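You will see two complexes here that share chain A, one where it goes with chain B and one where it goes with chain C.
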Partner chain A sequence: MATIRVQSEPFDTGLELARLLAGRVDVGGIGAFVGVVRGASAADPLQALTLEHYPGMTERALSSIAAEAESRWNLLGCTVIHRYGRLVPGDPIVLVLAASAHREPALAATSFLIDWLKTRAPFWKQEQHRDGSAHWVEARADDDAAAARWDPPFPAAHAR
Partner chain B sequence: MSEASHPRGTALRQRAKPPRLATWAAVPAGAALLIWPALLNGYPILFSDTGGLLAMGFEPSMGWDKPFVYGPLLALLSAHLTLWLPTAAQAALLSYMLWITQALVRPPNPARHVLLCAILAAGTAAPWIASTLMPDVFTPIAILGIAALGLGKQSRAQTVGTAAITAVAIASHLSHLIVASACIAAAALLRRTVPWRPLTSLAAALTFLLVSNAIGHGRPGISPYGSVFALARLIADGPARDYLDHACPAAGYRLCAWRDRLTADSDQFLWDPDSPFWQDPAPLPVFAAEAATIVRETVLTYPARVLAGAVRNAVRQLGRSQLGDTLVADYLTEAVLPRLQRWLPADASSWTRSLQTKGELPMKAARLAPLHVALLAAGAAACALILASALRRPNPLADLTALVLIGLAANALATGALSTVHDRYEARVAWLITLPPLIALSRSPKNAEARAPNPS
Partner chain C sequence: MLKILYFASLRERMGRPEEDVSLPPGAGTVGDLIAHLTARDPAGAAAFAHPALVRAAVNQEFATNAAPIRDGDEIAFFPPVTGG
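For the complex of A and B:
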């Protein structure tokens, strides 16, 4: 069963890796992804990114995405931690860990998880810029395209 | 000869004023009886919404769909120790309201109060509602509070306390505003006067909602995002889908892009993470503004269909009051457990051992369903007789009965017609139909003689 957490406080990647590995000798590799708030361009510098969510609903959505990953690849463990609240450039925002007996499913599942998280996790995101302007983040075509590549039928080489 | 010097008058006075200790013990004793399902379960009964309510109270944070009332109360009353404390508190409030309500008909008596609570605990959904950590428990409390304030008289301290509890109850769930308004209107008609005391509670609740939403959401209003619920209802019933078919794509709504994913299930729209509401990246204020526009245009385009749908759903809601949909463990692991682990870790381990977690609670409740149905049917028949008696001579019991029935109908309208039809919505109040007959049964002819029309 996947570990799902939605929290405002920072996460400890090393600690989460240790938790995922604790007591296991069948894991051959862990795919890991740490998302970080990017500070945009010098012409339009980002001051902060604020994420709002609906407690309970978000965890359900993340659990559903993790369950989809577990159904597609032979995973031995999975951790998804997403932060909310006000984050500034450089802050870690999301952690994805996927453990498997072999590297290929671990890496593929990690890639899948972050692609789907970007487009399907129900967060409302608002960017605040240094010039005082603020706007809500809309869907990005490149995120949609990245997620769409996992729509069935997905590459056979990635199947469990 | 004064009553005090009359032997029979003295005896009656003694019955009407029981020992003070027994009076004070009656309400907690009744409360203890009303939380037996939580004791059976091994932990207060939770619902997936309880997770969001805990977050509102403990973080604290504003929820988009709920008033900032019940969640903070949970955190406050738990003393950051255990959720058993708010469970006991809400059972005590319900017991107190039952005590106050009996005074409308006859002087409250500790033994009779405990007997009344025991019967309600054994044969109705009341204890299940009191044992569940959801604002549902405040629906009957609001109805009884308005009945007490609008139909009877209490001491100054009782009036202040009852009015305060009623205000909190009204503010705790948006549907309670409609229920309370209907009950206050009923009290006004029955007493042929302006019921200032319950009106004060309603005004206090409205003021709190306006101020808390202005501060917390930056949007003054009773329900800043209520349009999303109305849209979900109209989509499910059909008129909003037909309107979008007609208006898209020219109207330029964001929802036009999701038209093929709008179904006849309002819960799917509101609570499925893959629904257009959650998948559209538009922030809530933007989505709610569009929802308000679509709702307005739909109502203007199809007024008769919208009205017919509301009546149909309200009638369906009136007939749905079975226990069960709050007793399952659906989504509790995702929605509630992480919050218990974070803020009440000792409770988290108790919860994992509860019958609800193991999926055994619905079966326990199902065994009682025939008894609940039988008592509801008997209560409905008895209420009809009580109302018929008022045709001969108006009486306080008939007034209470009328107000309760108005409350049940308003609850069905507020939830079924404006939200969605769920058993839990009517189950939270349907048991009140047994209350007037039970009060009548425990009123002996001598008691009836002894009571004052408006006991204080």
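For the complex of A and C:
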């Protein structure tokens, strides 16, 4: 059963790792991805990022993505935590953890989870710049391509 | 009645986060609803001016313009997602 949380407050990666391991000895590895707010470029520094989401649908979408990961790989636990609200460069924004008996499913499921999350979970980023301007971040074709890697027949089938 | 939600740039262009709209006569799909909102006022025309940049959800599931809508549905419109 996946742990899904959508929250404005920071998350504690160490605590979440410990929760996945609590009371069990069958886990052989945990894949982890921590997304961080990047400060854009030196020439055009980012002051802050505001994340908007669709309460209700967001949790449903993340649960559905996690369920898909659990159906594709033998996972012993998985955690997806995504923040919303105002964040500044250097702030962790998203945490994905996938635990398994072996590293291959753990790492593949982690990649899958963040790739699908970026294209299938209803979040939107707005950048605020030092000059006071703000604009909505546009979706990237790279992200669609990364997510499409996992369309069937998906490449990590051997990692089950 | 339909509950319509708008997010991100579409919310700004519509000038509201949500509204209740009577199911337009003859409107059976998401695409029909978009046509109705586009024709209704300048805000709607602006919000839906670029169909490639509009995504929809019906009852909190992603939906295409061909997806059927029924009285009581929650319909959301938003730009392509950019989380992660």
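Just so we're on the same page, the second predicted complex is superposed on the first by the 156 of 160 C-alpha atoms of A that agree within 3 Å, B and C clash if a C-alpha of one lies under 4 Å from a C-alpha of the other, contacts with A are read in each partner's own complex, and residues count from 1 in each chain.
The rule we apply is simple: a residue touches a chain if its C-beta (ideal position, glycine included) is under 8 Å from a C-beta of that chain, and two chains touch if they have at least 3 such contacts.
Predicted model, so just to flag it, every value in this text is computed and none were measured.
Undergrad: Is the arrangement of chain B and chain C around the shared chain A a clash or a fit after superposition?
TA: Aligned on chain A, chain C clashes with chain B.
Undergrad: Which partner does A:Gly35 reach: the first (chain B), the second (chain C), both, or neither?
TA: In the superposition, A:Gly35 touches chain C alone.
Undergrad: So, A:Leu51: does it touch chain B (first), chain C (second), both, or neither?
TA: Touch status of A:Leu51: second partner only.
Undergrad: Contact-wise, after the overlay, does A:His82 reach chain B, chain C, both or neither (first, second, both, neither)?
TA: Touch status of A:His82: second partner only.
Undergrad: With the two complexes superposed on chain A, say which partner A:Glu138 touches: chain B (first), chain C (second), both, or neither.
TA: both
Undergrad: Just to be sure I read the superposition right, which of the two partners does A:Ala148 touch: chain B = first, chain C = second, or both, or neither?
TA: neither
Undergrad: Is A:Val94 touching anything from chain B or chain C once the two structures are fitted on A? First, second, both or neither.
TA: In the superposed model, A:Val94 contacts chain C only, not chain B.
Undergrad: Figure out whether A:Ser63 sits in contact with chain B (first) or chain C (second), or with both, or with neither.
TA: First partner only.
Undergrad: Is A:Arg5 touching the first partner chain B, the second partner chain C, both, or neither of them?
TA: first
Undergrad: Between chain B (first) and chain C (second), which, if any, makes contact with A:Ile114: first, second, both or neither?
TA: The answer is second: A:Ile114 touches chain C but not chain B.
Undergrad: Among 22-30, 256-264, 364-372 or 382-390, indicate the stretch of chain B whose C-alpha atoms run into chain C.
TA: The segment of chain B occupying space taken by chain C is 256-264.
Undergrad: Jot down the residues of chain A that show up as touching in both complexes, chain B in one and chain C in the other.
TA: Of chain A, residues 52, 54, 56-57, 60, 120, 122, 124-126, 136-139 contact chain B in one complex and chain C in the other.
Undergrad: Would you mind writing out the residues of chain A in touch with chain B in their complex?
TA: Contacts found on chain A: 4-6, 8, 52, 54-61, 63-64, 120, 122, 124-126, 136-139.
Undergrad: For the complex, which residues does chain B have touching chain A?
TA: Going through chain B, the ones touching chain A are 48-49, 51-52, 54-55, 59, 61, 63-65, 271, 273-274, 278-279, 281-284, 286, 331, 334-336, 338-339.
Undergrad: Show me the residue ranges of chain C that touch chain A in the complex, using the header's touch definition.
TA: It is residues 5, 7-9, 57, 60-62, 76, 78-84 of chain C that touch chain A.
Undergrad: Which positions of chain A touch chain C when the two form their complex?
TA: Listed in rising order, the residues of chain A that touch chain C are 35, 51-54, 56-57, 60, 82, 93-94, 114, 117-126, 136-140, 143.
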